[in-house]
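The same subunit A turns up in both complexes below, where it pairs with subunit B and then with subunit C.
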Partner chain A sequence: MNRRSIIPLAAAGAVAALGLAACGSAVKTATPSQVAYNAGNTSVVNPSAHKGGTITFNNSSVPDSTDPGNTYYAHMWNMARLYGRSLMTFKSCPGKCGLQLVPDLASARGQVSADGLTWTYHIKPNIRFEDGTKVTTTDIKYAVERTYAKDVLPNGPSYFALLLTDSKYPGPYKDKTPGKLGLKSVDTPNATTIVFHLQKPFADFDYVVSLPQTVPVPQAKDKGANYQLHPVSTGPYKFQNYTLDKQFTLVRNTEWDPATDRNRKQLADKIVVNLNVNADTIDNNLIHNFAHIDMAGTGVQAAARAQVLSSASLRKNADAAPSGFLWFTYINSKVKPLDNVHCRRAVEYAADKVAYQTAYGGPIAGGSIASTVLPPNIVGHQKFDLYGATTKPHGDVAKAEQELAACGQPNGFATNMAFRSDRPKEKAASTAMQQALSEAGIKVTLQGYTSGKYFTNFAGVPTFVHQHDLGLSIGGWAADWPDGYGFLYYLTAGDAIAPAGNTNIGELDDPKVNNLFAKAVATTDAGARNQIWPQIDRQVMSQAVIMPGVYAKSLLYRNPNVTNVFVHLYYGMYDYAALGRK
Partner chain B sequence: MTAPLEISPVKATPAPEAVLTGAGQIEGRSLGQIAWRRLQRDKVAMAGGITVILLVLVAIIGPHITQSPNTYHQNLINPTFSRPVGAFGGISHAHPLGVEPVSGRDVLSRIVNGAQYSLLIAFLATFLAVSLGVIFGVIAGYFGGWLDAVIARSMDVFLAFPLLVFALALVGVIPPTAFGLSGNTLRIALLIFVIGFFNWPYMGRIIRGQTLSLREREFVDAARSLGARPAYILFRELLPNLVAPIIVYSTLLIPANILFEAALSYLGVGLYPPTPTWGGMLSDAVTNQYFQIDPEFMLVPGLAIFITVMAFNLFGDGLRDALDPRTR
Partner chain C sequence: MPTLYQMIRFIIRRLIITVFLLIVVSMITFAIFFLIPRLAGQNSYQLASQYVGRNPTPAAIHAIEQKLGFNEPLAVQYGRFAKGIVLGAHYNAGPDKTYCPPPCFGYSFRNQQPVWPMMLSDIPVTASLAFGAACLWLVGGTAIGVLSALRRGSVFDRAAMGIALAGVSLPIFFTGLIALELFSFRWPIFPDLQFVPLTENPYLWARNLVLPWTTLAFLYAALYARLTRAGMLETMGEDYIRTARAKGLPERNVIVKHGLRAALTPIVTIFGLDLGLLLGGAVLTEFTFSLHGLGLFTVLAIQNSDLPQILGVVMLTAFFVVIANLIVDILYAVVDPRVRY
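Up next, the complex of A and B:
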């Protein structure tokens, strides 16, 4: 998430990982906790039921869109819950508890047919839009139809068009049927039932309907791209006004019924979001109580980091939150001599993981050193370390030289490394890789490309990669939903290799990995399926097509005047639907 | 009566009006010698000149005696804040100017190695600009007519060109391998070309103006009436008289080109990492926000650029004064 800046295409595939129930028992939502460093990662800080006040958000940029159906930013997916309810959602609680999928508009999880091709949801009765009209499943169907209109609403993911039958549906704006409800793969037999027809079984479908794209949209109120100026609310807040690129204000939605919604609160009277505020100003605003939350949720800047961490009184208001991203380097399995697994393993051994970590901001603001592809906040993460990332974090030149000898390149080799030149941290990480590999005799030449075309024209185009000998490419990844399939499929599956916009830049087409994915899709039992992800992770690591760098963290500052603050692990930032004011 | 003219026995010695006391024969001095004497008397210009020579020596010898500019010293970096351990950017015996934040690379060695690239690019770009400027300026000024019109107008076009934007676009568009060159060699060639090719009209206009006035002078008329061919007049009559402005404006163009190279590096179209350049170091300081966590790091390349540009400018100014007979 915040994925548009990472991946220009829809990320992640799917499979139903519902194995989160295990952590359900450990929920400690209401446990009062001390105000302490990292307290927001595990508990609710400043719990309170006090109502009233204004919460001010600052954003150093602008949202891609405030329309729940047209956004791919993690912070907007978080924010959109304030004024939109999807069929399913993630539970509002700190720690791993937040990775549980729970019904939102739906009254229960989806019912899947025996052949796995039909998913049926029933919605709670008596849910109303902000104008008092009742929400029906046709409003949800219409919202799903909008995801097909990429020409009008380009930003969101495209899972429905990928998964459902009738994939040629042109979108509601070109729909000639009366009522513009012509999508044949979604049926609404009555006002509270919605049925999805899939091309192939897809066990993770509950995750797909948790996307903000299933937030109901009344067809009469839809204004295409401009719907974002006033999305019709089903959540605890509604739009009061919106000056594009400047500010929007949310106020209480009196039609929202807390009895139907356990995952949102309605404590503050008003929520003001100021856009295009200088990033350093935002940090100062947070510290000096001119603002309450940095909406982007990616952490404070370097200056504020030094200030916050070196002062005990500020440090206790900070949380180093896992952001869900993995920062890593792709090792291409087709470019010579890296087509030999031993040469790839030499890269894994030689890399200086500490230098890599420092490049991203060190152990607190950057993240912890990674030894697996799956980050700890993903279901299916299992800790293992094949290349001494944690035992020899500065790199193991001796092992690297052994692997080079096994590869038939005892004196090392030369290759190129792609990075996004407009991303200082990636430039620093590439330079660190270059320096560390040179100690093992691997000569790396760095090639910078603009991030906007990184996947479409350069590193994501296998023919370009082969022509330019790009043995290494820097990358970052977060899943659209937190399970092994969602995270790994587009990075490592043979089927995910694309002629352009490729995200499996290592070009791994390993039969073992592909079979494991096939097996996972066919495994309906969540527990059994969640045993498959670590196997894939291990196989990918033994093939050494990814050199994991850091499990990313963001240093968030929580203004002490905000109540009910905690890090929601799925969004990797504070849960915006729970906040209140002192 | 006449009387023989009596000549006094006293020998008359002619008395000079002024007597040069002390030793010394009076010699004729060439223009070059006069200029050199004048330059020597200009202490500020001499200081600039000496600094320039030192810089060039540092750029040539320095990289061979300093430590590697690309070696990481992670142990000198506080990982939490990404900034160097110790005061003033981690100054120590081993690292007299401190180390770079995040990586811990030695700043002194990066500055010295950066000098090499910055000066190389600035000198060669200036050479290109001056060569083009002199050739086109002399041709336009001497031959006049339609040739002058064409060259003068194209100089105007070049001067009106948004150079920085063009440079950014050009360096961005050229692939990593082109014209049989690749990597840093290609970038250096490209930077020299861009900087040199777009700076020649400044030189060209000055040379053209000088040539216009020179070609009306008597010695040129004389040479022409004796049947000298244009090539002879250009190379033997005009060019020697243009040496002074060429030298002066070259020394003033070099600092401008150093700044331009720094600007391009700063904007991200400089040399490839990890090659150190002064502009690149400044760029890192800003884009990675090093200036917030370790302001000393920004000071060093900033000062290096400042001192170099200042030295060249002072020296160039002094040289102009020394070579121009009208200024005393």
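Up next, the complex of A and C:
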């Protein structure tokens, strides 16, 4: 790969920081004799270059969409790499190496202008669609334009509309410009160059173009909502057929050139994805070799968990993988008396973190006790513990009582707590909170809401939260990309507070936090930027609007008949673009 | 027996009532999902925000609000829904318009596809499951019920009724998972169960449905065995049975033509209802065995709050129940000569 000589400081810094931290040594591989519990977390299990066979995926639900421009599910972002290549991607390797951003369609990282408002990418010249047509930057611009058409493609992220200058662009289906390429904030001066114009500097833009929304779409083949039935491939596999909500099959894409792509393999002949399979049946299918991968990547069910952990022969084929999720409780800073920081801190101290962890499945299947908002797999994570989560994990009632006194509520207070009633783990965690807080005199009444409307109608609607005194709300979060902005912004930035669908449920609008975000997005030096994230994390924790519960893990079962298996830390599941069959 | 004219008149009358019934069902279902949330304070913006990805912009939510018509009066929304059922509808799918043929139940909020073609592709799965299981439970349940009644108090009777009690009591997600564990995984007699269309491979179609059929039939056969037994015990004590025997009729004729025929009337009634409901989706069986029929379709629709899909399933189930009852009413005339229309 040719690295261009004019690489901006941002890119160089990021490469240095991530590269040094993550990829100091060569990728480890596990020989068959080393196949062991958790081996897939740090090494490639069953390394092999053998070609042939079929890999069968099972999924207990259905994708939000197989259209790379219209999906927000982590497992679909992972799966979409099999048939789509974005401008940037994450390196295919186990451990923290997988958090390293590398060029995919692009020949190098983006070149940012001195004012931080223009990002330029050059793409590799010989990438082809599955029909043999050459990929040009116009196809990438068209893919970006599609992300504005929310009435047709509603599911994907909205970063381009938020960041680029032409925020009122209606999307290509309502575009009156001849050729329907009227998005003025993206230029394509030639077939291999694409230029993005931003409203304000955004140093994380390389991450934004790593989203599957930059997977090129040939305009002539775009069928809008129906494009999901056959996205035109640029990856190692292409769609053979798709029966919506039931099954899709991928076969080799003969136009894919491995010389241009170091992050994907094309080992199996065919990939079959069965959808809507009963979750317990999936576990049995994996164990009995009727299926090879659980596509959702969220781990085995309770029955199989017990079976896998109690059997040495099964346990060695399992990985307790960091999922990238944080399970936590929002503490609202506007609901009385929690508008007083000391009352919020009383909650932080009183919570029983071990009970919380148990509610989510314990240390193996649930995760480890969290003391920060940023999980360890995020760039910028620094370990600290303001409220004794790890030193007094059962809660510190004495400290809680001191904070209550400082808050003017020496006898405690009453508040309500929201959770998703159709999620048993959240119900158990809420009950654990209720019991622990009662020891400090904080009386909690639990309020269950359906998960489908949790953010849109209840906990995510500030007026509803205030009217119903929802001082506490259970939450869970994973980053769109693995740095402080990707994880923290929508949870803690004042600008992120929305009238409905709000995810900053703590309603933190702290000037110090907001200023740190503003400073970070304008800091092109990655090393300096990555020093800002722990400052935000610490400030958020000092304001006590989030009670971190668990850095989540998923117990994944690794079918021994699959080769090149490892946990990709960015996706929090196996790397689907690396797999093969014995 | 009623005349052909009487029968046709009866069917036409019932079909007209069916149409009105379906309109009422559609209005009630529509009101449950669209009116009640509004009365509870939900506005169209909040409704729309359920169907956009994480952290949407207000513009994105408004776009969905307009596309799905949430900002229009409810009467207009219902009118469009009803019109789609009768005339079909066109939907904006981006560069093209997607046509949804009648009876179009709307456009899925979740996967942006017309609902009716999706349901249509699921009907063969549910029909295969429902009719196959119905044959098993009807034949098995009534046969066991008749034999139990004829051998009242015997070991067979006690064992059969004991098993029947278990069948009625055990939920399908329990018996189904046990069946899968034993016969699909531990002793893989029926491995890797996936629905195969009858037209594609009749052997695999039947082989892969044996476990769902037997699991579902086990539940219903138990009920039918108990019902048949009770009916037969009552009927076989009637005077006309004694008269038939006194006339010297063979015992088989007495049991089948006089005893069973009279005992069948309640069985036929409940069979119509059960089959109609199952055709609308055998939810638990399909969920347990991962069969992509209307039951699993329903589960997914509810999980995703996909109102057009829920509406479609409710309407189709109501249609099946009404039609099944119509057929049952017609069958009464065959089973019971006293019936008049």
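Rule of thumb we're sticking to: the second predicted complex is superposed on the first by the 549 of 582 C-alpha atoms of A that agree within 3 Å, B and C clash if a C-alpha of one lies under 4 Å from a C-alpha of the other, contacts with A are read in each partner's own complex, and residues count from 1 in each chain.
In the analysis below, a contact is a pair of C-beta atoms (placed from the backbone, for glycine too) under 8 Å apart; a residue touches a chain by one contact, two chains touch by 3 or more.
Because the structure is a prediction, the values reported are computed rather than measured.
Peer 1: Please work out whether A:G361 is in contact with subunit B alone, subunit C alone, both, or neither, and reply first, second, both or neither.
Peer 2: After superposition on chain A, A:G361 lies in contact with subunit B alone.
Peer 1: Tell me which touches more residues of subunit A here: subunit C or subunit B.
Peer 2: Larger number of subunit A residues touched: C.
Peer 1: Contacts for A:K246 in the overlay, against subunit B (first) and subunit C (second): which applies, first, second, both or neither?
Peer 2: In the superposition, A:K246 touches subunit C alone.
Peer 1: Could you tell me if A:K453 is touching subunit B, subunit C, both of them or neither one (first, second, both, neither)?
Peer 2: Second partner only, subunit C.
Peer 1: Who does A:N226 touch here: subunit B (first), subunit C (second), both, or neither?
Peer 2: A:N226 contacts subunit C only, not subunit B.
Peer 1: Based on the superposed arrangement, let me know which partner A:Y173 touches: subunit B (first), subunit C (second), both, or neither?
Peer 2: Touch partner of A:Y173: subunit C, not subunit B.
Peer 1: So in the superposed three-chain picture, is A:V152 touching just subunit B, just subunit C, both, or none of them (first/second/both/neither)?
Peer 2: second
Peer 1: Considering only touches as defined above, state whether A:W256 meets subunit B (first), subunit C (second), both or neither.
Peer 2: It touches nothing on subunit B or subunit C.
Peer 1: Which positions of subunit A sit in both the subunit B and the subunit C interface?
Peer 2: 280
Peer 1: Mind pulling up the subunit A residues that touch subunit C in the complex?
Peer 2: Answer in residue numbers: 61-62, 64-65, 72, 149-158, 161-162, 172-173, 222-228, 243-246, 274, 276-278, 280-281, 284-285, 287-288, 290, 450, 452-453, 455-457, 461, 490, 496, 498, 500-501, 503.
Peer 1: Please output the residues of subunit B touching subunit A within their complex, sorted ascending.
Peer 2: It comes out as residues 70-72, 74, 77-83, 102-103, 176-177, 183, 268, 272-274, 284, 287-290, 292-293.
Peer 1: Could you list, by residue number, the parts of subunit C that touch subunit A in their complex?
Peer 2: Listed in rising order, the residues of subunit C that touch subunit A are 42, 45-47, 49-61, 63-64, 66-67, 92-96, 98, 110-113, 118, 121, 177, 180-181, 184-185, 188, 191-192, 194, 287-290, 292, 296-297, 300, 303-305.
Peer 1: Show which residues of subunit A lie in contact with subunit B when the two form their complex.
Peer 2: Those in contact with subunit B are residues 280, 301-303, 305-306, 309-310, 352, 354-355, 357-359, 361-365, 394, 421-422, 424-425, 427-428, 430-432, 434-436, 438, 445-448, 468.
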